[in-house]
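Input: one structure, supplied below.
Each chain gets a letter, A, B and C, in the order it is written, and its residues are counted from 1.
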Amino acid sequence: MTVKNSLTPLEAQITRIEEMTSIEKLFYLKLIDLNTVKEFHYTPGQFLEVSIPGVGEAPISICDVQREHGRLQLCIRKVGRVTNAIHRLKKGDRLWIRGPYGNGFPMNLMENHDLLLIAGGLGIAPLRSVLQYALLHRNSYGSITVMYGVKCYSMMLFREEFLKLFREGDKLNVKFLLAYEDSDDFQCYQLSCERSDRCMSGLVTKLIESTAITPDNTYAVVCGPPIMYKFVVKELTQRGFTPAQIYMTMERRMKCGVGKCGHCITGSSNSIKYVCKDGPVFTYWDALKTRGLM
Amino acid sequence: MTETENNLKPRIGVFSLTGCAGDQLMILNLEDTLIELLSKFDIKSFQEASSYSENTNLDIAFVEGSVSTEHDLKTLKNIREKSSLLIAIGDCAVNGCVQAMRNKQTSIAERMIDVYGVEDNIYKTFEPKGVGEYVKVDFEIPGCPIEKEEALNALISLLNGDAPLIPDYPVCVECKLNGYPCVIIEEGKPCLGPIITAGCDARCPGLGLDCVGCRGPIKGETNAKAELEALRKRGYADKYIINRLRFFAGNFDDIQILGVKENSKGDK
Amino acid sequence: MYKKLFKEDLEQFTSTLKQFGSIYGPVKKTSRGCEFTELTDFKDLQLNYTRTMIPPKKFFLKPKEPLYSLNKDAGFKEIIDDSKTVLLGVHSCDINALNLLDRVYLNQFPDLHYKTRRENTIIIGVSCEPDDYCFCTSTGSSHALKGFDLFLHEISDSYIVRVGSMKGFQIITQNKHIIKNPSLTDIKEFKEYEAERLSKITLNLNVNGIQDILDLSFDHAVWQENADICFGCGSCNLVCPTCRCYDVIDYLKLDLKNGLKVRRWDSCMLKQHALVAGGLNFRPTRVERLYNRFNCKMSCSEDSLNCVGCGRCTVYCPADINFVEVLKQVRED
């Protein structure tokens, strides 16, 4: 008896690996089973459960926009059991994925608006898919501003891609701004000499402080380490962004990704949220209604 | 087997400090799987630490027994220097175990008089402690002795390049998963299960016995005060409860605090 | 549709259930009561019981179950238990709890393991024997309106049998010779028995508006007081019929190629429930975990409360933390 179980991981092959930093690699995947390829659609902000048989599963955001059916990219930081095992894999090796899960960003709702993308560290991974989507449908969105906070130059993800945007983004009506924490970082310093209004030393909030942004007709999309949200949201609300104009994507422990295992539960009894299925994308308004979400 | 294959195998050593060597025996007890298991490792040393001499670097050093003498400490530091991973196996190595029962209760001098009749610390012993008190420990496999299954799974994980998975939840969880009747609730027995690290599959409660805590308390999660409270309510005397708690866990701060209070009541 | 079965015919009735699967029912296990156990001898069946420690949830979401056999090169192959089972003697609260679990496990992404067990199991309810810990009338779960194939409502010498599904109807049809129609006196008796049963449920928890109260009372002293005596042992969740949390672990065999993916019940009272890589814990202390548990249980899924008032979490807490008492203290009434 062969039963179709939508929760059974599908086989995928690694077609390419790029080492991005000392702890992060970019994996290019291709789904193997042609029948599943056709049904495999994802939108920016959705994630997969990636598994290595015998080691375990980890939720990972898809970091590119869907172009070709059955192909996708994952940017993975090695931090523990599963992610270490993924980092040991070579080009041509297989891993297993299920998904995509989660609500993703409301790309339709955001059409005809300006986009302000704010990311810290690895948080750029899901936002890159938003950026790529907006660039792919360039006429549907207004101006795009990206604010990216990194520790230092060597920790900057998608470096070439983003440096190109940093220098030539204006052609596409994209402003790319960079903040770096390590004030002694020479390469970042050089970038700041190139465009002092686009690259500065400090936290990502510094970029918000020193850039003229207005909430009119704009959606802010934020992703980064949990501690970042509070500060970013404060800056944005001070500038008049309403809680419904701020989108954020959240991290929690996740075992199932589909609202069953309970690990991603958050909130109090008047508003319980399962970050995997009710999110991972929430508005700041959701966060205000749900205790502990942010 | 070719030379290169051999070189790819993790080089391991198993060492005993002060302990009963029960954990080594447990590994040797994995008879059926032993030969297959051992063939996957390049065993550099499997012996009492006292005869440790080889100066080879190791991928993984398993250390059992507590640190109780100067000599233990010297050997341990040497092992740590030579090994990429150091794994404490058994309660003695994890937290001092039974040997630490009287730590901070009686002085070494008192104990020397009790046991040897002299006050001088002739063996240069000090309060037995887990190896983590002195060197960095990468993983801990608790138990007195360790569980075969758990040890096997840990070795498999290590062979595969993964961190071993050791439970960080209490025996009650395994009790419930097996559907064993709770001996505190049903019979008022002085079970320590609620604060003791799981991994034994709730062997004792499964036999209707109360957990004595042989796998040691869960680090960072032990609510010893609650255990004292829960057993008091069921009619047990403080002294009995505290001795029971100290038996395998004399080195735990929150259990020692209970001990100090009890001592100050004038008990010997 | 209501029928009637004489108690003296129960043994014969039970024996016909065998063709629908292995029969499990409440069997005396401890001083406190019964557990659902495979019925090998009809005499072991104890239909007059108060509560089992482990709820019948264990048949659908198993305490420990292998989900897949795995192979490093070939991936995952489902291990599905499609054995036929009959659960005889399930109480209303536990049936309502299963209805709640269905919303989780049979939603947009159905869990094949759960679904298969659910489809292969016949549930026969029975009226309960409430004690001082039951508060199902407060949580709206003292009666099961759906989620069973048959329900045996006890009256003096017989059961009024409510038929809840086609499968139940089939069982009734096969037992035609011992199945009767309830008489007017039976119906009168049924009302008396129901009143009698309900009168035994004396514990009351006012859940009206409890959600607002809980949110506003997140820093109420009662959480810390109870966290101080709580072990974080997880028993309260592991015996709860509506708790749905699980953990998944991959085990590898010594060949480093084959293995099993296993799931087991989990509990939000355990420290790793909300722990993520890098050591960040979204509920680092027992206070936060306790608060989460009570909030999860008092939240609603669609229109039903996530607690069915079965009393297990109180009865089986080794620290004697009383679920209803804590909520009453928070409510301050």
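Just so it is clear, a residue touches a chain if its C-beta (ideal position, glycine included) is under 8 Å from a C-beta of that chain, and two chains touch if they have at least 3 such contacts.
If you're wondering where the values come from, they're calculated on a predicted model, not measured in any experiment.
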Remotest chain, subunit B as reference, centres from CA atoms: A
Could you tell me which pair, A-C or A-B, is linked by more C-beta pairs in contact? A-C
Centre-to-centre distance between subunit C and subunit B (centres being mean Cα positions), rounded to whole Å: 37
Let me have the rounded angstrom distance from the C-alpha centre of subunit A over to the C-alpha centre of subunit B, please. 43
Just how far, in Å, is the C-alpha centre of subunit C from the one of subunit A? 39
Specify, in ascending order, the residues of subunit A that touch 2 or more different other chains. 54-55, 80
Note the residues in subunit C that touch 2 or more other chains, in rising order. 249, 251-252, 256, 272
Touching two or more other chains - residues of subunit B: 160, 165
What residues on subunit C touch subunit A, complex-wise? 68, 70-73, 75-76, 78, 80, 104-105, 107-112, 210-212, 214-215, 218, 243-252, 256-257, 259, 261, 266, 268, 272-278, 280, 282, 291-292, 294-300
Help me check something: in the complex, which residues belonging to subunit C touch subunit B? 29-32, 35, 53-54, 58, 63-64, 228-235, 238-239, 249, 251-254, 256, 264-265, 267, 270-272, 286, 315-316, 318-320
Applying the document's contact rule, which stretches of subunit A touch subunit C when the two form their complex? 3, 5-9, 11, 51, 53-58, 79-80, 83, 94, 96, 226, 251-253, 255-256, 258-263, 265-272, 291-292
Touch list for subunit B against partner subunit C, complex: 33, 36-37, 40, 152-153, 156-157, 159-160, 165, 168-170, 172-173, 175-179, 181-182, 184-187, 191, 193-195, 220-221, 223, 225-227, 229-230, 233
For the subunit A and subunit B complex, residues of the former touching the latter: 54-55, 80-81, 84-85, 88
